[in-house]
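In the two complexes below, chain A is the common chain; its partner is chain B in one and chain C in the other.
Right after this comes the complex of A and B.
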């Protein structure tokens, strides 16, 4: 893997090192091809339509080395932090991945569940490599980098007809090291025919306070496969104060009559970018996506959604809500794509944004591309502020301005938060605390 | 009739304006270089400043690359050296009255139903007719002159009011704006010019009629419309071209300037030759249209009905600079056969309490691809900006496409922006309801389509609304079965 570099990147790719199991056989071939694709494409820039409003300049100026496996103390610190965030929900099968490396697993003993570190699982059972589907070139250069160089991560498979009693928790953490690091975790979630599961993916960072330049670049990818008639609830929560750069993709494929419920909650960070690519690849497949993104001073949150209807009778609903305060910036780009033979599709997308301060900015691009005629597709987007009348009503009843603002903002977010599965109720508390901080206006 | 028969019927239909007028014309040799730019300028006896401006635009154009990024529009590359950049009906002498206009030309406009004869006063529309690249006749000129309104060809305005041209030309669409605007700035040959003095309400609809006739020519006209404070004008624009197997380029620029409390209403019914059912021939309609609401309380409304052209690429936009200014965009775009339309608007909110409304209706039939692409931008100082956008698409047939790409960019927390879009086909239940009450399928579809477009059509001046409804019926007849 030391061919000549076609485009210079801020990543020290010559120092890449992954467990042997990942570089063997067909998987190894695919990794080398993907890495080559990244080398020739280089980092996306402002001329790439998908990166028009999000600049990777903070990365481009730096130099990042592939992250080595962290020590036991770091794993323990992440575990403490995750336990603190989840409270009572920190039980059942769970796995901690730090800087792209998996810790020892606590898999529980549910029937039909295969769960563990990705590299371990592949070493034990090479056939599992089939679950790591190819990453489409349209997913972009950073997805190609992950496809070509992921180090480790988590693998979760639920066998046919199995229903997991407890939610499975995967923690994807970053921890700063002596030099700036590049973390490349991969998560694979596969539900076979008729299986049911709830999965929580928690993103957090162990970093010293604010640094002038990002210390860690996280370039992660989660592949989700929902088999025929299977049902997956996936909650992705990203904790605040992430001082690194976090780019993560969720690529999901839903088969016939399968259902995917995905809730994405981002509490803010220096630069957070999510690429959600969902393919409804069977008749009657369904996807419900909820998203809540918060951005405050110096934070930039960018969500890209690509919802593709490939077969007839598919249903998709998206609701994304954003609250931007301080000098924060949020970007939403949502595309619903209906292929020629995906008749009887019903697709709906809503994006609502709340601007709390004069320096806040929002870019939203909801899009529809429809190639079938017998469909019902709609989208809507709004950008605005809190309703003056509602504020007045609350203040007339004796609430002060900050409390009234916090209350209304919380109500705005509730539509997404309330739809979280019971196992992720703790996310609601984090959102509440973060919103209160965002709405506080200096006197 | 089954739906396939109906579709066949539609696609076999001849484009009614597809005839060619045999008229002698004065043409420049094909190709583009500085000499051609100088030649055009010389033919038109232009002042030095205009030639300088054209040359600057041409040199800038040379440094630009033709945009190829449009994800939803595809066409073979244009060979800019094979186009004739100047074509004018001969003889080109000063005309005193319409009687001196070549009768062949008059007949052409008559065939198209354009009232050039002054006796057709009843129609109460002042018309400036542009044939290939040159304005051939303007009606009602004297009557307008009494009120201080200047309306006529662009080249006339260059001769008679060079100070206005110098002040406003390129003030809304600079020659650096985009590839086709730069090309137009270098080689535009004529167009319409209109000036409404302060406080004057223009008593009649002003109208320009564009006709491409000669083969291998491009039409590059330029329209400049200035409304002084407190004035009002309603302006119409229509266009047709003969049926030819080659594609022809139409790259126009329209600039509107509305000063304090002025109101400009600009309506277009675009019916350039769309090409045949296999997509052969047709006009490439690459047009830059932009209005500036420069003064407080000014207002610009764009209304367009786009049924023609092989490819339409057009985003009539409003720069809402004055406080309390208002921008409006009402559009119906129809693509049938293999037509492609990529159209929409840009609303740029700069002033305080500026408002904009966007209503876009796209109809796709056959293998047509219809894209709404629009932007709403609210800059930092635009307190209290308000936008409402609605983009609906109607699909007829399973091979067509409808796409919506709105860009919302908001940098002011007091702004309120709403965007809604929907895509669906004509409801079976609606069709059933109409048929059950004794309407034929054709009539039912036509009624539903007209209802779908009603919000836009009602914005058109009466004369145009009738034409537009007929056009819609013609383009879509038989598309749904």
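Right after this comes the complex of A and C.
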């Protein structure tokens, strides 16, 4: 039995206030249990294996109040930022969540699509609560906090056999307030049997510039369900955010013959932490994951990936690339876990890192745990610098040193960027701009 | 065009060039021959501005100015071109994109307008025709997976696109079959002119049948130990470098 002794946390949990629909019935019970689990665990610290290289000390010293629903002007400002980032792709079904609270922009009318604010949807149709699966205790204390206290967010369901013509966009924004805030958004994406969709989840801070102390802690969670034979392309793009601390989990379960294509692009921030937990839970399920994380001076990006093969004939391929400049830090921790039942699994995990400066640092730790005997698994990690021979070759042809560095760095990232679906081509432009800035060397 | 005086250079503290004197005038083609490890590529690298080489004495003047004071990109912009002995593979950077970026960097430095993608394609295709190159190489990454001969032709292609005033060719003929050699020579000759100069490092006299040099120099032990007309190359082919004074200096 776990003891229910409350640990002190930097969050003012007494002021939690969620829409009534979330605290009713079985969902309410689950929330209370999860919150209790968080209270007794407290904030993860350096002794937690999963937080060895990423310190939450900057928020442990603060005091963060649960964020209230922002005003209309704030929502409008976030909408403008999102429209700016997406350009022509800012159309189709889309929704803005700010500090954990949703406002629909366009709910869409495609056949088979249910899309809107999470709290609204649950108030209208309490049975949808079944889509909010339990959050595994292994997912950690911050996932438990979201499970126990999320305020609102987005719910997207695609009915059996439906194929969405347009990508669905969910914006998860933070906006600073008068006091330091805690934002707790939840996103649920559920594709039923044979459904197909492209979803873009855009993370941004309204005021991304660096501040002496974090002004918003984002503790978000996205639950993804890919039903039998369904196909989801999910793009998660995190714009630069030096204003707050951004911890987010993506927990996905893929059923028989289902396919998930996930691209995770993080442009960097004061403290960005991703917990990706994928469960291939049906025969022939497939997951292809591309990741690109960038970190510059004063930034810290940490990706933890847990890929679990539970059934036979599953395929997973992961390619994570990191570019770290200045005195930036990045952490990659990847676990591939093949259960005894999961014969004929094919699993691959690659992590490559490019350090642009002598002060940049990366900790990488890819691991395989295999309990089945007939599998094909491989993993590997590298940390390197720009190739001096290639740099000289480019310069000898007349390209500036900075241009040559940027070109080589973009070439390094291209493998991930080029695999983005067409609807997310704008992410490539943002990456290009950010990489150019990262590669500039003071003369 | 190029005047090298008493050039000494070290790599990792090791003395490689031990007093090179060499003058190449406009309109001239000079060949440099010499045993493996004698410093030929080192000389080429120092002239192109590769980092890691320390010039300990002497100087190199290019069009009357101090070449060694310039960054590699500035040398290129002023018309110096090095065809690499071992062209570098650059995965993820498209060959056509790279060459257009290079051409535009040079044009920009000269205050000329940039060439757009369509005009560039036309230009490069005509040059590729001259070199009998497969146009599929344009859409591949720079030198990635190219055969030895394709890499060498790709160097000559870049030279034809960039139209340097001073071309330094480091063993561009090595590893080529006789047909390829003739084609590469055609490319080099296409760029000969009264206001250009070429410095060719080679081990083989047969290149000199196609690109006839004005002068031939022998580099041994970090020094030019002998210079002569093209007949020197023929003589070397017969006698080897062993007979030459100074080869034992290393």
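Note that in this section the second predicted complex is superposed on the first by the 432 of 443 C-alpha atoms of A that agree within 3 Å, B and C clash if a C-alpha of one lies under 4 Å from a C-alpha of the other, contacts with A are read in each partner's own complex, and residues count from 1 in each chain.
Note that a residue touches a chain if its C-beta (ideal position, glycine included) is under 8 Å from a C-beta of that chain, and two chains touch if they have at least 3 such contacts.
In this text the structure is predicted, and so the values were computed from the model without any measurement.
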| item | value |
| --- | --- |
| Clash or fit (per the criteria above) of chain B with chain C on chain A | fit |
| Contacts of A:163 with chain B and chain C, given as first, second, both or neither | neither |
| First, second, both or neither for A:366, with chain B first and chain C second | first |
| Which of chain B and chain C A:378 touches, first, second, both or neither | first |
| Touching partner for A:356 - first (chain B), second (chain C), both, neither | first |
| Touched partner set for A:27, first chain B, second chain C, both or neither | neither |
| Partner chain(s) touched by A:407 [first = chain B, second = chain C, both, neither] | second |
| Arrangement angle, chain B at one end, chain C at the other, chain A at the vertex (C-alpha, nearest 10°) | 70 |
| Superposition-derived comparison: chain B or chain C, residues of chain A touched | B |
| Closest approach of chain C to chain B (Cα atoms, Å) | 13 |
| Common interface positions of chain A, toward chain B and toward chain C | none |
| Chain A to chain B touching residues, read off their complex | 49, 340, 343, 353, 355-358, 360-385 |
| Touch list for chain B against partner chain A, complex | 69, 72, 380, 393, 395-425 |
| Chain A residues within the chain C interface of the complex | 387-390, 392-401, 403-404, 407-408, 410-412, 414-415 |
| Chain C to chain A touching residues, read off their complex | 48-51, 71-73, 75-77, 81-82, 84, 87-93, 98-99, 101-102, 105-106, 109, 141-142, 158, 162 |
